[in-house]
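You will see two complexes here that share subunit A, one where it goes with subunit B and one where it goes with subunit C.
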Partner chain A sequence: MNMITKQHPELYRIVRAHYLASAVCFVLIGVLFFFASADFAGHYFQPKLLAITHLAALGWVTMVIFGAAYQLVPVILETGLSGYRLPWLSFVAFLSGLVLLVCSFWRFEPGLCMQGGALLLLTGMLGFTIVIFLTGKRLKNKKENIHQEMINTSCIWLLATGVLGVLLVFNLRYAFLPQDHLQFLRLHAHMGMGGWFLLLVIGVSSKLVPMFLVSRKQNLRLLDWVYYLLNGGLLAFVIDTYLEGINNRTYLIALLPTAAFIIYFIYLIQCYRSRMKRRLDLPMMYTMLSFILLLAALLIQPLIINAHVQNITQGIALTKLYGLLVLMGWLSLLILGQAFKTLPFLVWLKIYGPGTGKEPTPLPSDLYSQKLLIIQGIAFTGFILSMITMALSGLATPARIASGCLLLTALCYLLNLTRVLTHKKTTGHA
Partner chain B sequence: MEPSEIHIVLNANSLISDLLKYNEELIIQKLTELNKNFNRLKNPVLRKVLAKRVSVAQACRIAGCSLNEFFDVLKPLGFKAAHEAVEVDRLPLSLAASFNKIIDLDVRPILAAGNDPLKMILTTAAGLKNGEVLKVINTFEPVPLINLLENKGYRSFIDIAGPELVNTYFLKKEAQPDELIMDISELSVEADGLTELMKAYQLHIMDVRPFQMPKPMTMILDKLETLKTTEALYVRHRKVPVHLLPVLKERGFDFRVMETAEAVILFIYKP
Partner chain C sequence: MHSFDVTNPDTYIEMEAWERLRSIIDPELHVNIIDLGLVYTIRANSTARMLVVVMTLSSPGCPVGEAILQGVANCLEARFVDYKTDVQLTWEPAWGFDNITEEGKKQLWG
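Right after this comes the complex of A and B.
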């Protein structure tokens, strides 16, 4: 029987680096939001929004996912990480690529800087994928495991998104792609959001939520449906949109991932209802609420398709809202909650580990500040409301309010994270 | 992988390829030292073709060495032979009293008639309900049967009732009644740091290591529901169940965690 009581000291350092880098990106987004507040009125394909989107999707979300995956995949698969050098190399490549790409998007210079950045980012993603695959290979019992299947497939979608992203960057300079640039942008965005983020989040959370809630019931057969519907829908969307653009069939295709999501929602509700942990803590509440933001985004999809099919301009505002709801709404709230469900455990295990049994220890949840988490929640609610107003009206004032709220949220988050990471050993239950 | 990390259980039917996975070079070297015929494994083509098709028993026959010699060579590398891995527990008296219902199955007449009782035993075992125990009455210790059922998630106990009379008890692992003990000296080494605290309680011992998360957590919480105020729970766990800890606090329990060589020990009590 393999025990994994001892946490590798290097794991702690890797995960910490990813969480901190990601939190700094989040603060930066708040700042850039302010400087770009006038630009939210226009089309979504423009330098400053591209820079912010990629800072959010890669720096804020993907970075923290990498870190969390290094921590959680070994927990889910009950094995150790395959190695500790490759995660560091991947981190360095990814971070330097990110800086280059975001800076060159902001100033919009589609030259060497942008291309090099894109390639470095792809290298980082490749490194991550290799670590995850090798870790999966260490499993002794080769039993089918739907969580692992989802994680592996999501890595493939990540690489596909990255490759297409690199092609798009080169296309800005050499214009060799056969179709409209925006057409590919749509594919790129959906491969990233659906294949990478959604599939990965479902794969990881379907294992963790029952653990956090201590649920009796987990209907794993539902997850098989989720897997096939989501991947099938994405593949159909990629192929159909590549060939024909957005058309009447897209409505039907959009139904598949939506159905997948609803089935997943049912799975979550079953876990929630059969839970043995009665009181829901704040991080878990944020997590549950975040899925409502995703549901809202999915409900906007038919409206966007309609705008495309009818060829009306309203589609642009809706697309901005859609992207914001997914990236800054769902994923951000998910991280803002889950970070305090995962990171404290890592720190707790490092400091208290399996002790000697001689003295009582504080709980992992005592490591973060409840107060800061509440302020963070209020600021984030303000951000969501002003963001929706901003996206629909295109006015600069709500955009400024949104950026202020976002900055406050990000600072609370960073502060709370630092508090967890600098925790000193105490005894007794606080 | 360091050899010390391996604790793989092998039996005569294990494939050679299963074993080479862990440390090909070292294992081949040791085997060659045992018997020159194992030299063939150094040839990559032969190795690829043969290793996946040949079992340990067949390899020994081909090479002309005994199974015991073979396992002796592998033992220092961290492998265990399967017949050693079965620990046959003797039946504790306290446990016999806690069985709700015992289903007797006397296989002696079946064996005497020259028939194989295996199928009948397996069907009866599969039909066991919670708290029910299967008692197989036989003339010898049915080691292969114990192996088979333990792999299927049963726990077994042996009670040697007399010469030519052995009772073997099987129960589903989930339905395993825990042992209530009063004397913590039985745990003395394992519970070094906890001794003082534990003296005040009667302990229920639980082992949740065979189960997948989140099952261990629900088992512990279910058990806690039935606990009296003078009793406490002593759990052997595979890792620190970090997500269980807040729920314990929520329910007014306190806990201590400590580590031993085989398990993480969780001591849960009402302060």
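Right after this comes the complex of A and C.
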């Protein structure tokens, strides 16, 4: 009785810092993409691509996930965040580690800077994981739900990815790992993409999508299947690829996460069909469309496995396309949509929350610019199309167009985000 | 659904309070809290100069829950200046889609 989750004043500052840092990283990716457009024609394991990939995976995506998680995990678990000091410490460690790691990758200096950066990043990840686990411990209803299990397990995968990343950084200098560096890089990438990003996004979105759509049907049993198939598939992939490399069994193993995603897709479709809110706003439209990009990436998987098993050189181009579709396609579009679904609420609550009911106030959706969101969507579509052309053809022109479109997308996003964060109090609907 | 006793003068205050609360909009769904079925009862006591609202939220983790409760208190205190407003939050019965009125469903469907 009478218990609700209240917004702590410090939460706003923590979330704002994460969103802004992430948006700046996104703009930087657009700039670096331009300078490295020629490098996209070659192999994926090269300094500039490593720098951009880590800036995207850690600075752009993970940073905003950390911020969004601090805002949304209390909503999903229906309890307050465990504390506010550790998220700040985690943020500082993560950001400074990111700067060191990306700079040393770009110049490819596998020395102290790179090692220190990797260790600082791991410290930041550990801080985040502790906050999430302690928040879960505050639950009055001790029975864990599937959303919480997904979030907790994704944190374990994040730490595992981080530990392997640190080992890989030290391996560049001391070469102590028993097998090929690229073999471990493959494991590192899949643990991050499948275990951290996919599992966390499913855990959070499976709760938020039906909430935003006001869906009557939420088949939570499907999510149990998703959880076990995804984790089972990832574990099988990590063990089998470590022992034997990519082989014919990999086809079967890849079926597990693919099945998990298809089941999740069915869950989303059921939510969509049983929704009570007919019109999808732009942020929700981007969110739903982002999953199609993930589906496209998963459909490429058998071709990549085939290229590795048959030792065909096309595997490199397909691997780049796969990575780009997941990281810069699915995850980016998801953020470009969800940021304007979640952040305006935080700002609205801070500015208008205490005075609600006294006077007419704008709605959270009035805080961002629809026009900028549309331009952002058009620029992003241009980026995706030119990126696919670039990855498959290896030509420099589509790479330059892609970098221009990406930069425009990032600038629209940063501008709109700043507009939300600097919103001044007005009365009446905008 | 709430009922009115026309022989009781407090009923008219309650009726006006119900109507007033239609100005409190759920910021995500863009539907007022009455049509969402969040308000269970409103009791006015003109002798004690007291208004008691019993209401719920869509979930205990509702991010705008605090703002909605504050909005209810602000809205009623602004209209009934000589009444004290007590907004009581309850989770029983839990809110469900069946709480939404036909008008609320129409607004959601756009």
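The criterion applied here is as follows: the second predicted complex is superposed on the first by the 422 of 430 C-alpha atoms of A that agree within 3 Å, B and C clash if a C-alpha of one lies under 4 Å from a C-alpha of the other, contacts with A are read in each partner's own complex, and residues count from 1 in each chain.
In this text, a contact is a pair of C-beta atoms (placed from the backbone, for glycine too) under 8 Å apart; a residue touches a chain by one contact, two chains touch by 3 or more.
This one's a predicted model, so the numbers in the text were calculated from it and none came from an experiment.
Within the superposed three-chain model, A:Pro364 lies in touch with subunit B and with subunit C [touch as defined at top].
Shared-chain residue A:Pro210: touches subunit B; no touch with subunit C. In the superposed pair of complexes, A:Phe91 makes contact with neither subunit B nor subunit C.
In the superposed model, A:Phe128 lies in contact with neither subunit B nor subunit C.
When the two structures are aligned on the shared chain, A:Arg279 is found in touch with subunit B and with subunit C. When the two complexes are overlaid on their common chain A, residue A:Gly353 makes contact with subunit B and with subunit C alike. Once the two complexes are overlaid on the shared chain, A:Phe345 sits against subunit B and subunit C alike. Touching of subunit A by both subunit B and subunit C, each in its own complex, is seen for residues 1-5, 211-212, 214, 216, 276-279, 345, 348-349, 352-358, 360, 363-364. Residue ranges on subunit A touching subunit B, taken from their complex, read 1-5, 210-212, 214-216, 218, 276-279, 281, 345, 348-349, 352-358, 360-361, 363-365, 429. The touching residues of subunit B, counted against subunit A in their complex, run 191-194, 197, 209-210, 213-214, 217-218, 221, 238-240, 242-247, 249-250, 254-259, 263-265, 267.
Those residues of subunit C lying in contact with subunit A across their complex are 23-25, 27-30, 57-75, 78, 88-91, 97, 100, 105, 108-110.
Only residues 1-7, 71, 74-79, 211-212, 214, 216, 276-279, 345, 348-349, 352-358, 360, 363-364 of subunit A touch subunit C when the two sit together in their complex.
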